[in-house]
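The structure that follows is given in the form of structure tokens.
When the chains are written out, they are named A, B and C in that same order, and each has its own residue count from 1.
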Amino acid sequence: MKITNHIINLKTVATLDFIDITEKIQEKIKEAGIEKGVINIQSLHTTMAVIVNEAEPLLISDMKKLLEKLAPRTYKYAHDNFDIRTVNMCDGECANGHSHNKAIHLPTSAMMNIVENDLQLGRWQRVFAVELDRSRPRQIALQIMGR
Amino acid sequence: MKITNHIINLKTVATLDFIDITEKIQEKIKEAGIEKGVINIQSLHTTMAVIVNEAEPLLISDMKKLLEKLAPRTYKYAHDNFDIRTVNMCDGECANGHSHNKAIHLPTSAMMNIVENDLQLGRWQRVFAVELDRSRPRQIALQIMGR
Amino acid sequence: MKITNHIINLKTVATLDFIDITEKIQEKIKEAGIEKGVINIQSLHTTMAVIVNEAEPLLISDMKKLLEKLAPRTYKYAHDNFDIRTVNMCDGECANGHSHNKAIHLPTSAMMNIVENDLQLGRWQRVFAVELDRSRPRQIALQIMGR
């Protein structure tokens, strides 16, 4: 039984950037030398999700619209009211209530099977890191377990 | 430590078919002979979700309505505009933008505990494969790890 | 390879109670003595979710509003029509269609990495059990695997 931990470093470009991380994950599985097991693909951020879906650009534009409709940037979130908020305030705090509210409807992590030293994927399945906040450096942590 | 991989083959009947796969999963756990561990129940499709909820028919009808409201079939998705779409086009491509848009709000996989050679379930918990597209053959992949 | 199973007992106070269970989980990881591996944090209820997000009170109030908007208490769910419902009826059955309908949009479990004998968490990540039904006793099951 082997257990290995890896970090994928990303730089996102904009709100609702969908980054296909499938190949990066597959490389780490090869590196780890694990024939069969599982991999947990975990966002280390409260405003970045990990989803599994199809890499079709028009579909991604549809999904962006749906997420925006669900938790619009234009809505006044209490989290963004810096006149009353006292908790977790940082230097240069930005309004990102919409990002967190998009996030609760999306998974923080994806657990996937490893078979034959590769990710077990259906024909159209790809893994995306989805930026729900603004452009920033991001990290996805991978835990690979198996043998 | 044992790791076993299994496929559950399904034939769905209609859009938003909820198929209770709990017993099929329990059989595979018995077969695998794993006393304690975890099981990853992974859809191999971008328009089929795996959810855990109660098997009450009226509730399922409520959930279907909510999913339909969230990503209606009647909405014009860019993914379904075959005049402009060029990526991932197959023979007999069907309009299923609504299916993918339902899918991003639902889990692709469920990770569950195994205790005493059985799925650890709360009183009302059942596992469903949910068809978000039309009637078709489907596969759910199970990875069972433990001892 | 060790595999241990734990139960966290909770008493929720009200609908949409967000209970930060991060420390309780961290204690169980220490107890289990597992250096690296994974932990599956599984709700044993169909109307309790497990989410990972930021512990900022105003943000939590925003999320409650969004969940309420998505599946309002005021909507007439078929699950709550006790004149026609026959399945899974208990003594003192309460109307909780809204709770289940909130639940399908939220994860039942969170799978997280364990590194250096601790939960691998990003700077703002906390784990919450979210009560979608009324005040009641609740259980979260933890499966810890690793070595």
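The working rule: a residue touches a chain if its C-beta (ideal position, glycine included) is under 8 Å from a C-beta of that chain, and two chains touch if they have at least 3 such contacts.
Only a predicted model underlies this, so the values are computations on that prediction, with no experimental measurement involved.
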Which word fits the touch map of the chains here: line, ring, star, complete or other?
complete
Cα-superposition angle relating the copies chain C and chain A, to nearest 5°:
120
When the centre of a chain is set as the mean of its C-alpha atoms, what distance in Å lies between chain A and chain B?
20
Find every residue in chain C that makes contact with two or more other chains and list them.
1, 38, 70, 105, 107, 111, 145
Seen from chain A, its contact residues with chain C in the complex are 1, 3, 5, 38, 40, 42-46, 70-71, 77-79, 81, 84-85, 87-88, 97, 100-101, 103-105, 107-109, 111, 139, 141, 143, 145
Enumerate the contact residues on chain C facing chain A in the complex.
1, 36-38, 51-59, 61-63, 66-67, 70, 105-107, 110-115, 120-125, 145-147
